[in-house]
Amino acid sequence: MSLTCIAVVGPGEGASEEAVADAELAGRLIAERGWALLTGGRDAGVMAAATRGAIGAKGIAIGILPSADKANASPDLTIALPTGLGEARNAVLVTAADAVIACGMNPGTASEVALALRAGKPTVIVRQSAQVDSFFADIAGSAPLHVAGSAEQAVDWIATRTSAQA
Amino acid sequence: MSLTCIAVVGPGEGASEEAVADAELAGRLIAERGWALLTGGRDAGVMAAATRGAIGAKGIAIGILPSADKANASPDLTIALPTGLGEARNAVLVTAADAVIACGMNPGTASEVALALRAGKPTVIVRQSAQVDSFFADIAGSAPLHVAGSAEQAVDWIATRTSAQA
Amino acid sequence: MSLTCIAVVGPGEGASEEAVADAELAGRLIAERGWALLTGGRDAGVMAAATRGAIGAKGIAIGILPSADKANASPDLTIALPTGLGEARNAVLVTAADAVIACGMNPGTASEVALALRAGKPTVIVRQSAQVDSFFADIAGSAPLHVAGSAEQAVDWIATRTSAQA
Amino acid sequence: MSLTCIAVVGPGEGASEEAVADAELAGRLIAERGWALLTGGRDAGVMAAATRGAIGAKGIAIGILPSADKANASPDLTIALPTGLGEARNAVLVTAADAVIACGMNPGTASEVALALRAGKPTVIVRQSAQVDSFFADIAGSAPLHVAGSAEQAVDWIATRTSAQA
């Protein structure tokens, strides 16, 4: 059986310190569970931090890049996969993931959370504002959305979902 | 010069009566301006209503479908374009549009509004809740987001943006 | 019912005079049949020629561009649809078409003919070399491939296929 | 630095015994070089054989699937990445690869070889017919195409190209 793949999504440039710290911890915890990390692959913000976390814990980190080459890829990635799809890669990233964790928020991240809910993937938003929590809770419908106060809570919740599937 | 293309996005199944009415009017007003209408193409909800509005005003309506065939296409479309991309077609729809109008809200629609803001496209959200308005206003940053109380306001605002570009 | 959409594909820069002439005629004949023309949209070679032909016959020409903007679009297009997908737009172009006509050959064109055969679309290769004819005939299997000596033959053959479907 | 990723492409159902044997060996040799294997991911033909070869040599095998779920994924894959893109995933697979090896031929495979040449990727066709060799040699132009008589030759040639880049 192939590895469970968990995407950590969030802002690149302009990511908050909090989002970067949450992403790095999430990456580490994902690796410690024996899961593979998926990110948007660029060497910036949440993507780079999650990758550092996973690699620091001797995990596998796979980046699904919008560009057609690896020029902007995080150098820590185990595997860098340029797609050439531009922003359509957000849909691919979410489709490829067994579950999605969002640290921080901007339009690109919002599109990924929304696409994850659309696809019915287990989706966690971590330490977001009350407004962000309410927005996604309102549109989620029956999609499995979890509001987490920390990266630990996010990964623990996904573990309960993933084992339920297995 | 090719026609200005305005996307009207919103829920398919489960669209509210209000969103359907707004979409139909938006489709009509887009056609009356001499613009082409883009939608997600399916024969449901906001997509079908906007298409009816545009075709009723003798406009051109183009559907960019998630499926690989035309089985679920709105029969009123001038042009039905199956993409086979699944939900990644949301990114294509937004990239193809000169501006985006959202009537109603669900995860798919949220992904389209977010991707439009990400791409810096003029984006209008029509008669949404205060929570939806605030969420997108907060993440929009410098992207050109407009909060409109009606389809007329939405199309009028886009006209000011489009003429400024021309 | 939406219009039948026929894609004309072929080289951009570096297209032969013969391929350009065939594409322009194919575009005209497609428009005269009341069909919409699809192309890769760029202002070069076969794409531009087919578009000129269709527009000269008062038809509709739709360009499905690899880029995320309209900067390189043929100015004659009725509708220019940037996708931002890079070369993955070749798959979208073929999926969106009811049938595909190839004038001239290069790697991009070969990918489109191959994807059209993969999808089982009626596919015509026009005035190609004996080697190109044999290559595609060998891989086509049960896919509906037609080898044509002229644009007229290509469009006539598609007409027999399309009416059979209707 | 992320791992060098080599795609092995070829028919799924209907693959010849020769293509399957070549793919399995190519997968093994790729793993023995310390590279990651990319395939189209399905549990059939060349994709499944290359994956078996790489995993048998304790390598990493990543499948980039056309479907939106893992139902048809090869069970041996280290990582299965559903894309939901349908045949547009052929373009993603090629874009993600540092080099491409084709064992066997059908329309899907032809599209991948053509897209690899279009992208200027080092591309090897293994034990094809003289007609297939000539077709791709004729359209390759300046793209780095290699005609190989065995999987060993294919991987050896890629090694010379990859070290030249490093």
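Each chain gets a letter, A, B, C and D, in the order it is written, and its residues are counted from 1.
The criterion applied here is as follows: a contact is a pair of C-beta atoms (placed from the backbone, for glycine too) under 8 Å apart; a residue touches a chain by one contact, two chains touch by 3 or more.
Here the structure is a predicted model, which is why all the values come from computation and not from measurement.
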Pair with more cross-chain C-beta pairs in contact, given A-D and A-C: A-D
Interface residue overlap between copies chain A and chain B, same or different (over half shared): same
Separation of mean Cα positions, chain D and chain A [Å, integer]: 28
Intercentroid distance (Cα basis), chain C paired with chain A, Å: 39
Sequence positions of chain B contacting 2 or more other chains: 68, 83-88, 91-92, 95, 119
Residue ranges of chain C touching chain A (in the complex, touch as defined): 68, 83-88
Contacting residues of chain B [partner chain A, same complex]: 85-88, 90-92, 94-95, 105-108, 110-111, 114-115, 117-119, 129, 131-132, 134-135, 138-141, 143
Complex contact set, residues of chain C against chain B: 1-3, 5, 36, 38, 60, 62-64, 68, 70, 73, 75, 77-85, 91-92, 95-96, 119
